[in-house]
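The structure under discussion appears below in the form of structure tokens.
Order as written gives the chain letters A, B, C, D and E; numbering starts at 1 within each chain.
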Amino acid sequence: MSREIKNIGKTVNLPPGTLQYTGEGEGDQLIIMTRYTEKSIESKRLKSFEEFSMVEDDSTLWLDVIGLKNPETVGEISEILHIHPLVQEDILNIAQIPKVEEYDGYLFTVTKNVFFREDGFLDTEQISILLIRNMVLTFQEYDTDSFKHIHERLKDSVSLRKHGALELFYSLIDSVVDNYFLVLESIGDEIDSVEDKLLENPNKDILGSIYHLKRELVYIRNILWPTRNLTSSLARGEFVEIDERISLYFRDIYDHVIQMIDIVETYRDICSGMLDTYLSSVGSKTNEVMKILTIFSTIFIPLTFLAGVYGMNFIYFPELNWKYGYLLFWLISGLITAFMIRFLRKKGWL
Amino acid sequence: MSREIKNIGKTVNLPPGTLQYTGEGEGDQLIIMTRYTEKSIESKRLKSFEEFSMVEDDSTLWLDVIGLKNPETVGEISEILHIHPLVQEDILNIAQIPKVEEYDGYLFTVTKNVFFREDGFLDTEQISILLIRNMVLTFQEYDTDSFKHIHERLKDSVSLRKHGALELFYSLIDSVVDNYFLVLESIGDEIDSVEDKLLENPNKDILGSIYHLKRELVYIRNILWPTRNLTSSLARGEFVEIDERISLYFRDIYDHVIQMIDIVETYRDICSGMLDTYLSSVGSKTNEVMKILTIFSTIFIPLTFLAGVYGMNFIYFPELNWKYGYLLFWLISGLITAFMIRFLRKKGWL
Amino acid sequence: MSREIKNIGKTVNLPPGTLQYTGEGEGDQLIIMTRYTEKSIESKRLKSFEEFSMVEDDSTLWLDVIGLKNPETVGEISEILHIHPLVQEDILNIAQIPKVEEYDGYLFTVTKNVFFREDGFLDTEQISILLIRNMVLTFQEYDTDSFKHIHERLKDSVSLRKHGALELFYSLIDSVVDNYFLVLESIGDEIDSVEDKLLENPNKDILGSIYHLKRELVYIRNILWPTRNLTSSLARGEFVEIDERISLYFRDIYDHVIQMIDIVETYRDICSGMLDTYLSSVGSKTNEVMKILTIFSTIFIPLTFLAGVYGMNFIYFPELNWKYGYLLFWLISGLITAFMIRFLRKKGWL
Amino acid sequence: MSREIKNIGKTVNLPPGTLQYTGEGEGDQLIIMTRYTEKSIESKRLKSFEEFSMVEDDSTLWLDVIGLKNPETVGEISEILHIHPLVQEDILNIAQIPKVEEYDGYLFTVTKNVFFREDGFLDTEQISILLIRNMVLTFQEYDTDSFKHIHERLKDSVSLRKHGALELFYSLIDSVVDNYFLVLESIGDEIDSVEDKLLENPNKDILGSIYHLKRELVYIRNILWPTRNLTSSLARGEFVEIDERISLYFRDIYDHVIQMIDIVETYRDICSGMLDTYLSSVGSKTNEVMKILTIFSTIFIPLTFLAGVYGMNFIYFPELNWKYGYLLFWLISGLITAFMIRFLRKKGWL
Amino acid sequence: MSREIKNIGKTVNLPPGTLQYTGEGEGDQLIIMTRYTEKSIESKRLKSFEEFSMVEDDSTLWLDVIGLKNPETVGEISEILHIHPLVQEDILNIAQIPKVEEYDGYLFTVTKNVFFREDGFLDTEQISILLIRNMVLTFQEYDTDSFKHIHERLKDSVSLRKHGALELFYSLIDSVVDNYFLVLESIGDEIDSVEDKLLENPNKDILGSIYHLKRELVYIRNILWPTRNLTSSLARGEFVEIDERISLYFRDIYDHVIQMIDIVETYRDICSGMLDTYLSSVGSKTNEVMKILTIFSTIFIPLTFLAGVYGMNFIYFPELNWKYGYLLFWLISGLITAFMIRFLRKKGWL
């Protein structure tokens, strides 16, 4: 979370309209231009948008920009397609929350791709998707292969190609949302494993694991809630770009998001439950440790005192000279022990 | 919960429209076709929908499909009845939340049957119910006899048969919802038994039981909330398929669901209360153990020191040679003990 | 709560329309028929509704049925008055939540009378009230004198009689709701007494008392919330049976319910506060006990060691033979004690 | 809170329309009649409303009734001004929540004046304000000088007099609400002082103070929330009696109430935070106490054992006769101590 | 928070309309008058508004008042511009919550500038912004350079100058809101640093840090929530002064505020998680300390008792005279130790 907030700082007090990428993506920028009709598909890599020119026909065009290191790329294509300055800023400022906005002639969607970094922490990549008539524009921060299977399906599947840009737009958002399930699945596995440890042998590492899980869940919940609004807007048919047929499919995505929110809330409940259980297991263990200490102490403390008494060096000490003194000492010790054991049993500690 | 989320993973990145059952039901598939009018009823088992053909008359038809191992069955009947691909997917993808959706000419309902597995954990079975004019289609995951009594009542009760498919549709949903009461009843019994243990003799197992109860309640709450929306939609008369007479009956189911949600929330409150009580009883017990230890220690530690003193071997040690030294020792010990007991009494520990 | 949920179980999987009382009321059934105009009043006991026949005049009729042991009674009167089968079921199935429903020609209200059982636990009795033109029908589970003062006021007060059935309907609901105040008053007294104990001398029983109070508050809150909706519907003039004049009076009841909900929430806050206070008082006490133990131990443990040293039997042991050895021992002991006391004072434990 | 709920009990089961004061105000009743125009003002004390008669001119009339011991006073003036019986009851039944209601020809407002009792607890006084054309009627429970400065400003300020009854009505409500700020200020001071103690030297009294603060905040919150609705209704111009000019001023009061609710919620958060801090400081202190005990015990327990060994009286005991035995004892003791100190250091306890 | 509430007290019971500054700003008052068109800009300092006179042309005028020590300044300019008395009060009473209000011919906005005081605590400065046709009026409490960069950008940027007063109004609000990001960034850094300490070496200072962070978050949340309403009103185009073009930009600010609220809630969650973690780490540490104490005690207490026994001075003491007695003692001691170690291992404490 702090990564994002830090990067917001970069743009504070810049005059509005300044294009500056606030993320940390470092790789080379890549532009994949795909043009297809139901029957044919053609794909090539562009170095920059200077090579690009608009062709007005009935084919569908997908411009997939990977890497935002060069903000001027966004500026170039925006000029060609008359994209609003605020949209350009939002594409480059990765601190956006998922949202969909309708501008004059196009839909602008910000989504978040969630993935596990190599150090095991969750991270996000901002993916902006624009639907402009028969054209789809996507901007990804990293080269994480998020849309690789879409590129492949486009080549193989006539059914995907025949419905044009809107179907592609749907497939891209569906792909981003479906990916959350995989992340949740992985978190679910982690919860199961922590839960097993908790019931078998609770130790201090569990605390860290639960804390880590809770942060991950907060992290993903913060993405799911605005995604819920995004998909709900698309499903309700608020936008003229979305026809009734595809609305049904967005309702399906919406259902998935709702379900994932349910799962996240359930997981949060489970984590809280695990924390409570851990806390009280610590209390129970302290209690048990104390019991053992108290049992030993209450039994041996009086006995040790007694032994100390008969170790005193008084000259006039009648018991010491008595023949059965030592025997009596063990007798008294036995009685004290028996009495203490009975006392501790009554307390339920033995 | 993790079972469901895992199975979602199976369908991620499959092209939309692929039919794949995501559950774990293993038994043979069974199709029971029942055709009835007010006066007559006829029931037979089909091997597949290839044997099935539409007959247009005023009888009511119920196709009850048990087991989803063969997804192609869903495809076959869907083709005959023109069922939307998304509905087909939802029937087979058991990770749906309870919902009702209106399609062109039919109502599609997803419900969840809740039952206790043999290992004592709650599990769910997805039951999809379609109402298509004078036909009802049901898809169950397992052969759990969920609708056995409906099959029987159909044979015996004219009143159920005479109102056609809508009355059957209502009876099926009523049956699923009523079943939740039995599960809640069983959870209520468990709560009572844990509560008794808690007040009599709280031990570590209680923690596990409360944790288990809480997860069950989260589980069932996650089913009840969307069921609330489902029944509310049916009761409000949002759908042309539902006439005013039967709306009243759905309002009755809706009332039941509301009441069950109340009960679940009450149970959650009770569980939290039991956890608090357990936690503070652990604290109280530690406190009591410490008190005993402290009482024994504070009384005997000074006495043991005194005995140690008179056990020293100094050559010039006046008290040792004094005739009443030993007597004096017991006197001083008695005084110290009396003083300590008074001190502890003032503290309220004795 | 578990009582109610258990009784729901009784009716699960019964065909709809079966009349079965799900409560535990055992006493004989009693039917009190009261017929009155502004000027006259006549009251008699019926054995069953077979003795009853409708008379169409401008008098007001109140049929007060006490005890639901014989469900057929409900059936008989329902047939005469054309009452919907769902209403009949609701009257007999005591697991209803308070509600008001409008049927064709009559209003159906379910309310809950709350009282303390002899064992000190809260219990409820379901009271159904029907307003049918100039007739009021009430069904009570037990003979708890809930409406005794209404019967009496009817005899004495012309002002109550002159406004007919609607005024009676209002008075009955007012009486049920007013009764909640008495229950809350009693809970308030209990809270005050627990609070006093908590501040004076917190012991283990307090935990049970707080737990008990919390369950009672959950119990009554579950009745107040739906009662809020009930009275709000009646106050808002949603029903043609309720005229504007009496709406004002229902707004008054509604205000009372809102206020009681406030009180219940306040009481719940107070109970949580008391629990926190109890918990941390346990922690404080353990802390105090530990402090005493530690003070005694840290002072005497080094001294006892020293005494032990001079109790050793080494032959070559210079100090033992030294004349001022014993004196020195006490000197060193005094120094150690002084040092320890200073150390403990710096810690703030003495 | 319990004071109010007890007094509700008084009116339960009384026939509606019975006038009975449910509060505890005991002082003599006082009626101050003030009649003023922009230019002149005249004020006198009435003994009862028998001396009062309506004069129809363009002057403004304020009847300020202090003390409700004689409920018949309310009845007398109500008869003259045709005030609804429910309003009369509400004036006398002090268990009302703040509200505004419009009746035929007049506005009825219930507000609560909050003050600290002499024992330091919060208490409330119910103040009812009626706006009847060019007349304002106020009923206060106690003679707490709540409106003293209004009486004074009326005499001094032409600007207050010139706008008639509506301006007076506004000023009275403004005065009641402004008073809450003073109470909140006092609570804020208390919080600051508890916070200081908490950070310096947390002791058991803090727990009581926090508990006390929390109850006060619950108490005042329960008054602020309905006051919010009251002022919102007046600001939104729901009532014909309130013109647009004065609505703006009520919006100002509304803003104040919203802000006070914010402050109360913040204070509650702070109190919860202080409780958490206190609780964990208790835990930390116990931990520290235990550490000291453990350090002393682990160092001296082995040494004391060793001393005990060499204090044994076996006849065949080689070390005792060895010349350097005693020296060796101190050497071993030194080694053990060094080892233990290293061990404890590694644990981070020294 | 308490600073603000205290200052509210100052104005309680003052007659409405009295102008009194309730803040603590002490510096000299400064009025910067800036008049600009797209092409030219002219800026000068006024001593008071007596030097000021209205000029009706198409230039834009910005009056920036810094310091509110002299409330009469507000009165003077208000008279010239016909500003409502309530607005004048709100400018001077710094206890306002952020809000926007439309008056006849102008928009009145209250915002809060948040900054860290020198002692590390958060503080706020109230900034009121009025938009009156082609004029913007700002009132700041302190000379904190909040708008310094706006003054500079005005001089440099034609694009800011060419859109007139509305663009300036937007830039000022944007600047205030952007500043919150910097504060959140700083809080985020603090959270990261506390989190690191918590995982490495949790100590008592952490508790204070978490408590401090929580209060800061409550503080800023209380400003963000009303700011959300403020920007939402401006974005929704509720006001005629705001045209559609600039609404888009306010929607952008609104998005930022929503995102900051998300961040604050996330931070609060994290703080709660850190508190839980700290609390249970204290419990774990006490447990560990106790374990060490118990291990040492349970091993050495029986041994010390044994040594004590053989230190007794009974005359008839067979073992003492036995040749292998001393050897046997060590043997028994070894056995006891072995047994205790095995016992403790089984408990999992070694």
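The criterion applied here is as follows: a residue touches a chain if its C-beta (ideal position, glycine included) is under 8 Å from a C-beta of that chain, and two chains touch if they have at least 3 such contacts.
These numbers come from a predicted model, not from an experiment.
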item: Between chain A and chain E, centroid-to-centroid distance (C-alpha), Å; value: 26
item: Distance from chain C to chain A - Cα centre to Cα centre, in angstrom; value: 41
item: Per-residue overlap in chain E, given as positions that touch at least 2 other chains; value: 279, 283, 286, 290, 293, 297, 301, 304, 308, 311-313, 317
item: Chain contact topology (line, ring, star, complete or other); value: ring
item: Chain ring listed from chain D, with chain E in second place; value: D, E, A, B, C
item: Chain C to chain B touching residues, read off their complex; value: 1-2, 5-6, 8-9, 12-13, 15-17, 84, 86, 89-90, 95-97, 99, 101, 201, 204, 207-208, 211, 214-215, 218-219, 222, 275, 278-279, 282-283, 285-286, 288-290, 292-293, 296-297, 300-301, 303-304, 307-308, 310-313, 317, 319-326, 329
item: Partner chain E, residues of chain D touching it in the complex; value: 149, 153, 157, 159-160, 171, 174-175, 178-179, 181-182, 184-185, 188-189, 191-192, 199, 248-249, 252, 255, 258-259, 262-263, 266-267, 269-270, 273-274, 276-277, 279-281, 283-284, 286-287, 290-291, 293-294, 297-298, 301-302, 304-305, 308-309, 311-318, 347-349
